[in-house]
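Letters are used for the chains, namely A, B, C, D and E, taken in the order the chains are written, and counting of residues starts over at 1 for each.
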Amino acid sequence: METNATEVLWWIFAVAIVGLSAGVVFSRSVLHSAIFLIGSMAGVGAMYIFLTAEFLALVQFLIYGGAVTVLILLALMLTRSDPAGQRESLNGAQMPFALLVGAAIMTVLIGVATATEWRPGGVPNKPTNIPLELISEKLFVDFGAPFVIASALLLVALIGAIILARQEEGE
Amino acid sequence: MVPLENYLVLSAIIFSLGVYGVLARRNAVLILMSVELMLNAVSLNFIAFAAYLDPDKITGAIFAVFVITVAAAEVGLALAIVIRLFRNRATSNVDEAAIMKW
Amino acid sequence: MTFDEGQGYVVLATMAIPLVAAFLLVLTPGSQKMAVRYISVVTGALVCALSIYIFAAYQVDGAEVQMKLRWVWIENTAFLGENGITLYFAVDGISATMALLTGVVAFAGALASWKLDYRNKDFYILYWTLLAGVFGTFFSYDLFFFFFFYELAVMPLYLLIGVWGSTRKEYGAAKLMLMLVGGSVLIWIGIFATFHEANLGTFDLQQLWAAGNDGTLSPTFQKTFFPLMVIGCGVLAALWPFHTWSPDGHMAAPTAVSMVHAGVLMKLGAFGIIRLGIQLMPIGAEFWMPGLMVLGVIGAVYGAIAALTQRDFKLISGYSSVSHMGYVLMGLATMNEIGITGAVLQMFSHGVMTALVFLMIGALYDQAHTRDIKDFGGIAKVMPLWVIFYAIAGLANVGLPGLSGFTAEFHIFVGTFRTYPVFGAMAIFAAALAAAYMLRMFGQVFFGPFNPRWSDLKDLTPLERLSGGILIAAIVVMGVWWAPFTDRISATVTHLPGVTG
Amino acid sequence: MGAEQAWLLAAVPAGFFLVLALFGRQLPRGGDYLGVLSIVSAFVLFIVVLVDFLDTPGKLGPVVNSMEWSNVGEFKLRMGTFIDPITITMFGVITIVSVMVNVFSVGYMKGEPRYFWFFAVLQLFVASMLLLVMADNLLLVYIAWELVGVCSFLLIGFYWEKRSATEAAKKAFITTRLGDVGLLIGIILFWRATGTFNIQEIIHAAEQGQIGDTYLFVSIMFVFLGCMGKSAQVPFHVWLPDAMEGPTPVSALIHAATMVVAGVYLTARLLPIFEVADGALLVVTLVGLTTALLTGFMALAQTDIKKVLAYSTVGQLGFMFVALGTGHPAIAIFHLTTHAFFKALLFLGSGSVIHATHHNQEMDKLGGLWRKMPITGTTFFIGSLALAGLPPLAGFWSKDEIFVALNDKWGAWAVLILGFAAVMTAFYTTRLFIRTFMGKPMDEQVHEHTHESGFVMTGPLMFLALLAAVSGLVVFHQVGKGLGFPGGITEFIFLPGEHPHRYHIDWGFAAASLAMATVGIWGAAWMYWGNSLKRSTALAEWNPGVYRMLKSKFYFDELYQAVIDRGVLGFSYLVSWFDRYVVNDTGVDGSAQVTGFTGGVLKYLQTGRVPNYAMAIALGVIGLTVAGLVVRG
Amino acid sequence: MRDYTIFIPEYIAAGAAIGIIGIELFWPNFRKDRLAYLTALAAVAWFVAGLFFIGKDAQSFQGIIASDDFTTYFRLMAAGIVFAVSLMSANYMRTRTKTAAEYYGLLLIAGCGMVYMAAATELITAYISLELLSFSLYILVGYLKRDNRSSEASLKYILLGAFSSAMFLYGMSLVYGVTGSTTYSGIAAALSARDQAGTDPAVIVGFMLILTGVGFKVSAAPFHMWAPDAYEGAPLPVTAFLSTLSKAAGFALMLRLFGTAIIVDSVEWRWAILCLAALTMTIGNLIAIQQSNLKRLLAYSSIGQVGYMLISIAAIGYGDAQGGINATSGLLIHIMGYVASTLLLFTALTAVYNRTGRDDIAGLKGLAETQPFLALVITCALFSFAGLPFFAGFATKVLMFQGATTDETLWVVALGVLNSFISLYYYLMVIRQMYLFDPVGDSTRWKMNPVLGGLAVVLVLGVLFIGMYPGPAFSWSEDAAKPLFEAGSASGLARVP
C-alpha cells in the first residue's frame, strides 16, 4: 500500500523520540538531559494521538511535560553539587557493561514484540478510537477500587515528600 | 496505517534506553529520568495494546492513567529523598552514597 | 500385669517430668541454688524409678509394642490425612532397655552435677530439656515427633558445653552442635522424601514401616535414602569418619553432659539407625549393611588404636567411645538376631560404663584441674575408692566377663562371626587393644610412684559414690545376669524386618 | 550335697571375696582368718565332692549339672558344671596348694599395706580357678579364664608403688590377653560350626567329623593360642618371670596351682579334638619341647632365685605340654599335680628365705643359709630334688611317664631334646640350692640378720615337702586302690573314649632319667660347690656371647619392646595424626572454612552502589528471559 | 457488583491513620509514645473487625478485588504486624524524631497496602497497592532524616524499587497484550484458551519480568541487593516491618498471581522460581555467615528464609490443585511462624538497642548476665529461625517443606534443609555473644521497658504455641489456601502438564 502522510509523520516522530530519549541518557549535561526528557515525553504524547487516545495525550503533556519536568528541574537546581562548575563525568564505571546489557534487553524485547503472534486471528492494522467517556466510565465505575487506592497513594507520596524535604532547624 | 509492531518496537527501544540510563548514570536525578523513560515506554505499550487489541474494554488505557499517576508521585517522592540525601551529604552522586556495603 | 492406657501415661510422664522440672526451674529464682539442686535430684529419682518400672513392666511374652498412648496433633489438614501427626508414645523391647539406660544415667548425672554452682539453674533447665528429648525419641512412634525430640535432645548441647565446658569449649561446642545438626539435616531430607514417597498422609511410624516392607517405598528409593538416614543418625553414633566431634566434644563438655552425651545421646544415633534404617527401609538395609559393617569395623579398630597414645583422660574415653560405638554399628550391620541384640546390649553397657568413666574423670578434674595422665601417678594412695570405681568402668570397657561390656561384646562377636568371621576377629583384636590402652592409663595414673603434688586430693563425695554406685549396679547386673535384657531386646529384634534368626 | 553342687566350691570363696573386699578394711587383722577359713571350707567341700564322686553308682561317670542362662531366639546359653576325674584332681591340687599359700601368707604378708585386699583377691583368684576347671562350656571357661587374668593382674601389681610391679602386671595381663583373643576366636569358631558352647557336645561333633578338617585345625589352634598365653609357652613366656614382682605366695599360687596350669588343663580337656585335628598334637609337642629347651637355657644364667624358679616353671609346663602332645592327658595332669606340690614348696621356701633375709633374693648375696634356717633348707632340698627328678620323689615318676609316652608317640629325637632339658633342670636346680643354702655366705651382714621363719610359714613348707616326697607314688595301682581310687592316678584320670592306663615301671627309662638327673646335679655341684664362682666365671668368659645371650634370655623382651614401641605405638601416633589433621582439620573444619570463605567472597558483590545493584537486577532479567526463551523453544 | 462493606477493616485503619496525623497536626506536643499506643489500638480494632470476616464466603468487588479467607488471613496478619511494630516503635521513635505521627500513619497505610495486595485479583489493583506499600516503606526507611544511613537506604530503595517496578509493569503490559485482560480470571481463561501455549515469547518474557518485580519485593536473589542496605539503614522497628510485612505482602501477591492467574502456564515459570529459590537461599545464608552487623545479618538470614518460601511457590506450579493447597498452606503457616519469630526478635533487639545503641553483634556481649530474659527471648527467636523444636520454626518449616516436596522440587528442599543447617551456624555465633562472653562495661542487671517486655512475652507464647501445637494455625492456613485452588478457580482449568 502506498505510504500516506500519517505514516511519514509517525516515522518522523518515532525517530525524534528515540533521538531525544538517547539524548536523555547520553548527554553530558544534566540540564540537557532534562530538556531532552521533556521532548521525548512530548513525543510519546504525540504517539498517543496517533493511537487516537487524545485524553491520555493531554494527561501526558500536563503531568509529564509540566509537573514532572518542572519538579526535576527544581531538583537539579537544588542539588547542584558543583558551584564552581567543574564537570564530573555523569557516567559510572560500569557504563560499557550498561551498554551491553541495554543492547541485550533491547534485542530481547524487540524480538518479543516482533515474534509474538498477538492474536490468533491476526492483529487489526489500525487502532480503534479510545473515546473519553469510555475511559471515564471505566475509570470511575469498573476501576473504582484502584482509583481509591491511588488516591491514598498520592496522599502518601505527598506526606512523604513534605516530611522528607522539610527543612528542620539546624539545617 | 502503522502496525502494532512499530509501537511495540518503539517502546522497547525507549525502555532499553531507560535501562541503560539507570545502569550507566551516577546522578540520582538522571537515574530517575531514565526510570521515567522506562515508564513512558510501558504506558505506550499499554495504550498501543488497548487501541489495537482491546478496543471495547481499553483496560490498557486505564492502566496507563495509573502508571502516569504513580510515575508522577514516584518522581516527587524520589526527588524529596534525593534532596534529603543532598542535605546530609552535599552530593547526589549515588556512587558516593555507599557507606553501607558488604 | 496388663498393659493399658495407664501405662501409656507412665510413658508420657517419663518424658514429661523432665520438661515439667525444666519449667519449674525456669520459675525458680536463680539465687535459690539449693532448691534448684533438690528439684533436679528429685526429678532424677522419679525419672529413674519410672524408667525402671517401664523396663520391668514390659512383658516379654506380650505384644511387641506395649504401653501405647496416642494423641492426635494434626490430622485431615492439607497433605495430612488420618492420624497425620500424632503424639504417639509406645514402648518395645529396645526402647524399654534404652529408657532404663536413660533413667539411670539421668539420675546419676543429676547427682554428679550437685556441686555445680555457676548458674546451675540454667544448667539444669537445659539438662532436663535434653533428657526430655532423649526419652521422647526413644518412645516416639510418630516420625515427626521422633525427629522433634531428636532435635530437642541435640539443641541444648551448645550452651551446655559452651557455658559450662572446659577445654576449647567454644570450638568443641560449636563443632559438636554443628556436626550433629548436620547429621540431622540428612535425616530431615530423608523424612520429607519418605513421607512424599509413601504418600500415606501420615507420619505414623508403624504405617510407614509397613510401607517400607510391602515395597510401597520402592526398592530404588530405599537404596537411595537408606545411606542418608544411616549417615544422618550415624553422625550421632560416632560413625567413622563422622566421629571427630566425639573427642573434641567430650574434651570440652562438663561432667554431667559428657555422661549424658556419651551415655545416652550417642545411643540415639544407633537407635535411629534401627528405627529409620532397618525398620523403615529393610530393602535398603539389606543392600547397604555390608558397607555399614566395614565402617563399624574401621571405627572399632581405629578408635582403639587412636586411644592407645592419647594423654587426656577424656580423649582416651572419647576414642574408646568411637571404638565401642563401632561395635554397636557392627552388631546392627550383622542383620541377625544375635548381632542386633548384642548391639542394643552394647548401647546399654557402653552407656552406663562411659557415664561412670566420665563421672570419675569429672571427680578428679574438679580437684586437679588437669586431665593429662602424665601428670598423675599413684593416685590409688589418696583416692582408693575413685580408683576402684574407675577400674570397674575401665574393666567393663575392656570387656571383662562379669561386667556388662563382655555380655554385649560377646553377643556382637558371635553375631558378626555368623556372617563376617574376619571382621569378627578384627573386632576381638580391637577388644584386646582396649585392654592395652586402659591398662596403660591405669598404670600411669592409679599406680606407680605417688606424685606428692596430689597429696591433698579428696576421695569421692557421698553423692558421687551414690551416683557411681547406681551405674556400677547396672554394669554388674547386666554382666552377670543378662537374661532380662536379652529377653526384652530379642522379643523386639525378632520382629525386625529382614533379620535372620 | 554331692558332686552336683560342686559349684559351691567356687561360690564360697567368691562370697568371702565380697565380704573381705567390702568390709576387710574394718575387720581385725584384715580378716586373714576369713581367707584361710574360706579356702579350708573349699577344701572340705572338695573332699565331700570327691567322696560323693567316688561312690557314684556309674563309676567315674561325669556328673553334669547345668541351667539355662539366656536365650536370644535360637541362640541359647546354658551354664553348668562338669565333674570328672580331671576336674576332681584339679580341685585337689588347687585347694591344697591354696590352703598352704593362704596359711603361709598370714605370716609372710604380715604388716603389709592393703593386707585385707591381698586376701580378698586371693579368694577371688582361687574361686575363678575352681570355676574354670568345673565349667562345662567354653563360654564359662572363658569367663573364668579372664577373671583369673584380672586377679593375676591385681596380685602381680600388688606392690603398685613400684613402677616395675605395675609394668609386670600390665605385661602379664596384656600378653595373656593376646592369647585370649585367639581363645575367644576359637570358641566362637567352634560355636559357629556346632551351634553350642558345651565342651562335650563340641568334642562329640568333632569326633563325628561334623567339622571340616581345616576349619577344625584352625579353630583348635586359636584355642591353643589362648592356652599358650596363659601357660606362658614360648613365645608368650615373657610375662611369667616378670610376674615375680608380685608377693612370693602369689608366685607360688600362680605357678603351682592356678594361673599357668589353666592352659594345660584346657588343652587336656579338649585333647580329643587335638587328636582328631591332625597335626595339632605335633604342634603341641613342638611348643612344649621348644619351651622346655629354651627356658632351660635361660634359667642357667639367672641369679635371682625366684627368676630361676620361674623359668623352671615354664620349663615344667613345657614338659606338661609335651605330655599332652603324646595324647595322654592323664600323664600331663599327673605331672601337673606333682609339679604343683614341689613348685609351691620351692616358691614358698624361697619366700621364707626372702622374708628371712629382708627381701633379698639375689644369689650373689645369699649362701650358707642351711644352718641358719634348717627347716626351710631341708624342705627346699626335698623340693629341689623332686624338681630335679630323683626317685623316689614326686618329680621322678611323672617325668618318667612323660619320657615313656613321648618315646611311644614321637620317637627318640623328642626324647633326646626333652632329656637335655631335664638335665638342665637338674643342673640349675642344684645350682640354685647350692648357691642359696650351702657353702660360704656371699654377703655377711645379710647372713647375720637371717633367722628361721615362724611356724605359720614353716608348717606349710613341711606339709608340702611331704607331698612333694610322696605324691608321686599315687601313680601306683596299689596306692590308688588303697586311697579308695579305682587305681593309680593315671588310671583314675582318663577322658571319654580313652582307656584307663595302668602304670608300670620301664626300668630302662627309669635308669635313663635317673642318669639325667644325676648328670645335671653332679655337673652343678662340680661347678658351684662351696659357692666358688671361678669355674662358672671361667665358663662365662670362655664364650661371653653365649653367656650374654643366656643372661638376656635370648633378647625376647627387647624384641617385643621394639615391636610395641616402633610398631604398635608408632601406628597409633600415625592414626591420631591422621584423625586430627586429615579427618578433622581437613575434612570437618575444612568444609566449614570453605563455606565461610565462600560467604566472605560473595559478600563483596554487595558494593553498596545503586548502579551495581540495578545491574544485578538487569542481569537477572536477561538471564531469566533468555533462559526462558531457550528452554521453552 | 460493588459492595464497599468488604473493606471496612481497612477503612478503620486508614481512618485511624488520618486521625493520628491530624492529632499531631492540631496538637503538636502530644506525647509521641501515646501516638504509638493509639496506633496499636487502631490495629486491635482493625484486627477485631477482621475477625468477622473469617469463614465468610468469598466476595468480589467488580472481580478486581476479592475478600475471602486468603485476604482475611493477611488482613489479620497485617493488623498484628502493625500492632507489634507500633508498640516497638513507641520509645524508639520518641527519642529520635520530633514528628512521629506520619510514621504511625504510614505503618497503618502500609498495612492496608498489604491487604490490598493480598486481595487484588486484577493487575492494576495489584500494582497500585504494591506501590502504596512501597511508597510507605520508602518513607519509613528514610524516616530518620538526619541519619546518613537512613536517607541513603531510602534512596537506594526507591531508585531500585522504581527500576524494578518498571520491569514489573512492562511484564504486565506484555501479559495484557497477549491475553487482552488484566483480571486474573480473564488472564487464566485467555491463557488456557490459547492453543499454542508455551510457544509464545511474550508470555515467557512477561512472566519473567513480573517475576522480577515481585522477586524484588520479596528480595529474592539476584534482586535482593537492596535489602541488606535498606535493613541496615532503616530505623530498627522499620527493619522489622520490612522483613515481616513487605515480605508477607509480596508473597500474598505472588500466591494469588501465580496461583490463580498464570497457574495454567506454570510450566513457563516454575523452573525459574525453583532456580531463584536455590540461588536465594544459598546466597543469603552464605553471606550471612560473614556479617558483623546484626541488622545486616538478619537481612541476609531473611533472604535465606525467602529462598525456602519460594520453593512452595514453585511447588504450586508443579503440583495439581491439591498439591497447590498443600504447598500454599505450608507456606502460609511458615510465613506466620516466621513473622512471629521475627517480630519477637526485633522486639528484643529494640529493647537492647534502646539501652546500648549498638546494632552490631558484639553489642550483645554478655546479655545473659545483664538481661537474661532478653537473652532467652533472642535465643528462642533465633532457634525458631534455625528450625529447632518447640519453637514455631521447627513445625512450620517441616510443614512447609513437606508441603513443597514433589518429585521435582525435592532437590531444592534438600538444599533448603542444608541451608537452614548453615544458618544455624551464624545464629549460634549470636547466641555465643550473649551467653559465652562477659558483658563489656557495667554488668549490672537493667530493667527493660514493660511495654516491650509484655509484647515479648506475648510473642514468645505465640511462637511456642505455633511450635508446639500448630494444628489450628495449620488449618487456618489451609482455609486461607483453599479459595485459590478450589474448583472453578483458575487452577481448576486445564493446565499444561
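In the analysis below, contacts are C-beta pairs under 8 Å (C-beta built on N, C-alpha and C of every residue); 3 or more make two chains touch, one makes a residue touch a chain.
Since the model is a prediction, treat every value here as computed from it, not as a measurement.
Minimum number of contact steps separating subunit C from subunit E: 1.
Considering every other chain in turn, the ones in contact with both subunit C and subunit D prove to be E. Put simply, the chain farthest from subunit E by mean CA position is D.
Contact analysis places A-B first among chain pairs (by count of C-beta pairs in contact).
Nearest to the global CA centroid, when each chain is reduced to the mean of its CA atoms, is chain C.
Compared with subunit A, the chain whose C-alpha mean position is the greatest distance off is D.
Annotation: 6 Å between the Cα-based centres of subunit A and subunit B.
A straight line joining the Cα centres of subunit B and subunit E is 26 Å long.
Computed from the mean C-alpha positions, the centre of subunit B lies at a distance of 64 Å from the centre of subunit C. Averaged C-alpha coordinates put the centre of subunit D at 78 Å from the centre of subunit E. Subunit C has residues 178 in contact with two or more other chains.
Shared interface positions of subunit B, i.e. residues touching 2 or more other chains, are given as 8, 15, 18-19, 22-26, 28, 31-32, 49, 53, 57, 59, 62, 66, 70, 73-74, 77, 81-82, 84, 94-95, 97-101.
Annotation for subunit A: residues 92, 94, 97-98, 101, 105, 108-109, 111-112, 118, 142-143, 146, 150, 153, 157, 160, 164 touch two or more other chains.
Across the whole structure, chains are in contact as follows: A-B, A-D, A-E, B-D, B-E, C-D, C-E, D-E. Residues 175, 178-179, 241, 243-245, 247-248, 302, 305-306, 308-310, 337-338, 341, 378, 380-381, 395, 400-402, 406, 410-411, 413-414, 417-418, 421, 424-425, 428-429, 431-432, 435-436, 439-440, 442-443, 446-450, 482-483, 486-487, 489-490, 493-494, 501 of subunit C are the ones that touch subunit D when the two sit in their complex.
For subunit C in complex with subunit E, the touching residues are 73-74, 77-80, 133, 144, 147-149, 151-152, 155, 158-159, 162-163, 169-170, 174, 177-178, 181-182, 185, 188-189, 192-193, 195-196.
Contact residues of subunit A toward subunit E in the complex are 108-109, 111-112, 115-118, 120, 142-146, 149-150, 152-153, 156-157, 159-160, 163-164, 168.
Within the complex formed with subunit D, the subunit E residues making contact are 155-156, 159-160, 163-164, 167, 198-199, 201, 204-205, 207-209, 211-212, 215-216, 222-223, 225-226, 228-229, 267-269, 271-272, 283, 285-291, 422, 425.
Interface of subunit D with subunit A (complex): residues 609, 611-612, 615, 618-619, 621-622, 625-626, 629.
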